[in-house]
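Okay, so subunit A shows up in both of these, paired with subunit B first and subunit C after.
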Partner chain A sequence: MMLIDLAANALASGAALGSIYALLAMGLAITFGLLHVPNVAHPAIVVAGAYAVALANGYGADPLLAALLLTVPFYVLGLGFYTFYSRAFELRGRGNSLQSLTLFFGVALVIEIGLVIAFGTDLRSVSVPYVGQSLSVGFVTLPYRFLVPALVTPAVILALWLYLTRTHGGLALRAVAHDERALSISGIDPSSVKRHAFGLATALAVLAGAALIITGPVDPFTDRSLLGRVFAVVVLAGLGSIPGTLVAAVLIGVAEAFVTTFVSPSWAPGVAFAILLGTLGLRPSGLFGASR
Partner chain B sequence: MMRTGTFATIAVLLGAAGFLLPQVVANPYYFYAGYVVLQYIVIATGWNILGGYAGYINFGTSAFFGAGVYTSAYLMQAFEAPLVVQIVAAALVGVALGVATGYLTLRIQGVYFSIATLALVVVLETVVHNTEALGGASGLTTIGPPPPAWFKGQTQYVFCVMLVLALLAVVIARWIETSWLGRGFRAIRASEPAAESCGVPTLRMKLIACAISGGIIAAAGAPYPSYAYHVEPVSAFGLLIALNALAMPLIGGTRSWMGPVIGAVLLGTIQQVATVTISSEYNILAVGLLLIAFVVAAPEGLLGLLSAVRGGVRWSAKPARKPA
Partner chain C sequence: MNNRIVLERVSAGYGAVTVLHDVSLEVREGELVALLGMNGNGKSTLLNCILGFVRPTSGRILMEWGGRVTDLTAMRPHDIVNLGIGAVPEGRRLVPTLSVEDNLSLAGGVRRGRGSPAETLAFCYETFPILRERRRQAAGTLSGGQQQMLAIARALMTAPRFMVVDEPSVGLAPIVVDQVIDAVKQLQTARGMTILMAEQSFFQAVEVAARAYVLSHGRIIRTVEQGRELADGEEIRRTMMGMA
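For the complex of A and B:
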């Protein structure tokens, strides 16, 4: 009975955790999964978003509401970020992946250190009434600080999926991922579509940041432990599969929760990376990705 | 760029000068700081063999470095092995790890390879964290036997050991560059399918590149326990090592053995001065900004800039090749 108890709790918290991971990975699923831009700075942007939400929360704003408003400036930030990136590489026609990876690596580092210099290395958190309370159903207990952000993800994924499949903008975005030149022949500027996609991904990062900081305190270096998880999620899902992201993330979340419960919490950070290495080695196209 | 005779003379002179230095310079701090710069010459040179010559970007340098650190720390603790044995063993572990990474390239290329190497760091760090024999999170205290009297102190001794390693690494890198191996690596970087179809044994070449690169980086970690007296997972698998391994060759220039050396000496010295005079946060910030600036404005590094200024040739089209 004890064992089933533990397993059920691990399953529930793992699923909630995975749902949050899916939100963290969503921006990367667009930039890396659809546009093939290896944005290793994405987790750092998420952490920056979490700090922005914490700052707004300091003035009494609800973190999720604040994040929703912050999506606008972050969208604009993303536009600027992509403009810089494409000016530096893509337009000059010498954007190999080494250089763009290195650029994003540098950007991630600068964001981290910028946060350290501006806010110090202390842990930051938000104060909301539901943090500290838990939902109990039978013998399964789930803290609201996991449950609330976990419920945001399905809504975001549904909205994103509807956008990608039902609107012209979404169609253009998928088309740019599929064949850039064909899109430019049909009279649409691929780089403006990509810029928009980057803005979208950055806006999603601030929502993810809100989810992250509701879940637990954040420091400027939190992005390092997230990096492996988000890439594991995107690669396991298969590039370009948005709903697959949720499935992959929940799988990883549950695996981590089981390792935490039945082995030791100190092994948990390695789980996502081990899954990532395994996926890359055995099935590089992921669970739902088309073979490339 | 430099004839073999000149190169050998300079290398021997530098080595001899290093061994005489403890007799002349009394303040051990210079050796303490110089050790770090030399260590980065080894790391950057090792990284460049895979990353610069063959074009496979390793983000997981600290995995190899950390493996070297822990191999030598363990041998020191368990068997009181001498430093030379530690270095050889660490290099062998690095070679084994490199070959394993090399087999990964069978399935994954480009960005995926880089991400996989990043994963390697975290997996190794987690394993060390949870291994009792390696001290777990609190680490190991590593105090070796006293150094030979000639060196007047432990710091001077490890400085000279690292100098020898740096010279060895540069000699290996220079030899590779001018030999058939270097030609094979460059072919792989230019186009793997094309190289394969021209009869370049790409898998074997990649395995060799990974093995040599991994061995050199791990060897750079081997004297660390003797240098710092204490090892723990966070510093052994530190991000700054992975960052510098990437930034130094990129700033110096990745096409020739000189690039990583120039980058390591420049950036390493700046960092040593900056950690003393400014704070370490601004130090990392400066490295990050410099990295971005170089990758955007001068992707061929200082050497590329230099040859562009000197010859007016388009450096992007012409790789730096020099006959021996």
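For the complex of A and C:
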């Protein structure tokens, strides 16, 4: 009985955790998975989003509502960021070079330092009425601070899926990952599609930031512990697969929760990579990636 | 009105290698013109210059249409397409993971003010019924001939005045080759489309084309006017192959 109890709780909290990981990784699934831009600054942008949400929450705004409104300025920020990146690298034919990776590491550092200067190194959190309360069903207990952000992910994925399959802009985004020339021939500017995609990914980062800071307190360096995990999720999913991102993240979340419960919490951070290495050995293109 | 596409002494290449040398040609409204040449003689390079994928190192490419002259030489590919130049490129360049219909609506989604996308889509399906049948299927799962038809249909979706078609028959079974070439010819005769088509197969092309330019080592070595080709056919074919 005790064992089933523990396992059920690990499963529930792992699934919720995984769902939140998926949201953290969603922007990267677009920039890295679809556009092949190695945006290692994505977690830092997520943390910046968390701070923006905390700031709005300080004025009494609901974190999720604030994040929804903040997607607009973050989108614009993403457009600007991509324009700079493409001028500096892509248009000179050095898109996936080590230099471009360095640029993104630099941006992550600038964001971290900017947050330290502006807010100090203290942990920040948001206050919402449901923090501290839990949902209990049978012997499973799940804190709302996990459950609420975990429920954001399916909604975001549904919206993203509708966008990618039902709209012209979404089709163009899926096409640009394959063949930019196919877009040009269709009369569409591939760089504007990529710019828009980058804006979209940056807008998703602020939603992820809200989820992150509802889950627990955040400091300017929280991005560092997220970086490996979100890349593991995107690669495990198979580059560019949006539903795959959710499955991969939940897989990692549940595995981490089980390791934490039954082995030791100190092993948990390695779980994502153990799963990643094991899977890539069998399926080099990831769980849902197109095998070439 | 003298609607036409003109190349004026175009030279182009890749890096230090010059592939096209001083190529001049024209395609007049309503014409189907063939660009003949064996492998590696610069056909695709020439068509890619028109489409803006390859930048000429000298010379100009002009579109003279409706009393207006537009210099395409420095324009970006999608702007060239939106100006009314449809492309059926080498290798087809479809999006293999998108469905047939999504490939088409991608190209039909930009409003260009030349007919409605829904009408064009209906016309594409009428011309290629197999595409309607397979419209939900991923483009990558079509046969070679069907993919070529999709590439042609996609070009139509951009509402072109002029179409550039690069070796539509390459890699297809002989019976399919005839279908595809016929479809291209139909566009010209039934729709009045203006077409420049690269081909290797001399007799195939000359049968349908009003004129043909023969490209050898990046130079136009011969222009074949309609009516003369059959008499000179064998000789021209030998020139093309570098045997004469």
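Basically, the second predicted complex is superposed on the first by the 283 of 292 C-alpha atoms of A that agree within 3 Å, B and C clash if a C-alpha of one lies under 4 Å from a C-alpha of the other, contacts with A are read in each partner's own complex, and residues count from 1 in each chain.
Definition applied: a contact is a pair of C-beta atoms (placed from the backbone, for glycine too) under 8 Å apart; a residue touches a chain by one contact, two chains touch by 3 or more.
Just so we're clear, the structure is a prediction, and the values are computed from it rather than from any experiment.
J.: With the two structures overlaid on subunit A, would subunit B and subunit C clash, or do they fit side by side?
T.: Aligned on subunit A, subunit C fits beside subunit B.
J.: So, A:S264: does it touch subunit B (first), subunit C (second), both, or neither?
T.: Touch status of A:S264: first partner only.
J.: Scan A:L101 for contacts with subunit B and subunit C and give back first, second, both or neither.
T.: In the superposition, A:L101 touches subunit B alone.
J.: Just subunit B (first), just subunit C (second), both, or neither: which does A:L135 touch?
T.: neither
J.: With the two complexes superposed on chain A, say which partner A:V247 touches: subunit B (first), subunit C (second), both, or neither.
T.: Neither partner.
J.: In the three-chain superposition, say which chain, subunit B or subunit C, touches more residues of subunit A.
T.: B
J.: Figure out whether A:F231 sits in contact with subunit B (first) or subunit C (second), or with both, or with neither.
T.: Touch status of A:F231: first partner only.
J.: In degrees, to the nearest 10, note the angle that opens at the C-alpha centre of subunit A toward the centres of subunit B and subunit C.
T.: 90
J.: Is A:A88 contacted by the first partner subunit B, the second partner subunit C, both or neither?
T.: first
J.: A:L109 in the overlay: touching subunit B, subunit C, both, or neither? Say first, second, both or neither.
T.: Only subunit B; A:L109 stays clear of subunit C.
J.: Between subunit B (first) and subunit C (second), which does A:S186 come into contact with in this model arrangement: first, second, both, or neither?
T.: In the superposition, A:S186 contacts subunit C only.
J.: Touch test for A:G281: subunit B only (first), subunit C only (second), both, or neither?
T.: So A:G281 only meets subunit B here.
J.: Of all C-alpha distances between subunit B and subunit C after superposition, which is the least, in Å?
T.: Closest C-alpha pair between subunit B and subunit C: 12 Å.
J.: Identify the residues of subunit A that lie in both the subunit B contact region and the subunit C contact region.
T.: none
J.: Please give the residue numbers of subunit B that touch subunit A in the complex, ascending.
T.: Against subunit A, subunit B makes touches at 51, 55, 57, 59, 104, 107-108, 110-112, 114-116, 118-120, 122-123, 125-127, 129-130, 137, 239, 243, 246-247, 250, 281-282, 284-285, 287-289, 291-292, 295-296, 299, 316.
J.: For subunit A, which residues count as touching subunit C in their complex?
T.: Within the complex, subunit A contacts subunit C at residues 168, 171-172, 174-175, 178-179, 181-190, 290.
J.: In the complex formed with subunit B, which residues of subunit A make contact?
T.: 38, 88-89, 94, 97-99, 101-103, 105-107, 109-110, 113-114, 116-117, 224, 227-228, 231-232, 235, 264, 266-267, 269-270, 273-274, 276-277, 280-282, 284
J.: Help me check something: in the complex, which residues belonging to subunit C touch subunit A?
T.: Listed in rising order, the residues of subunit C that touch subunit A are 51-53, 76-78, 81-82, 87, 89, 93-98, 102, 105-107, 109-110, 112, 154-155, 157-158.
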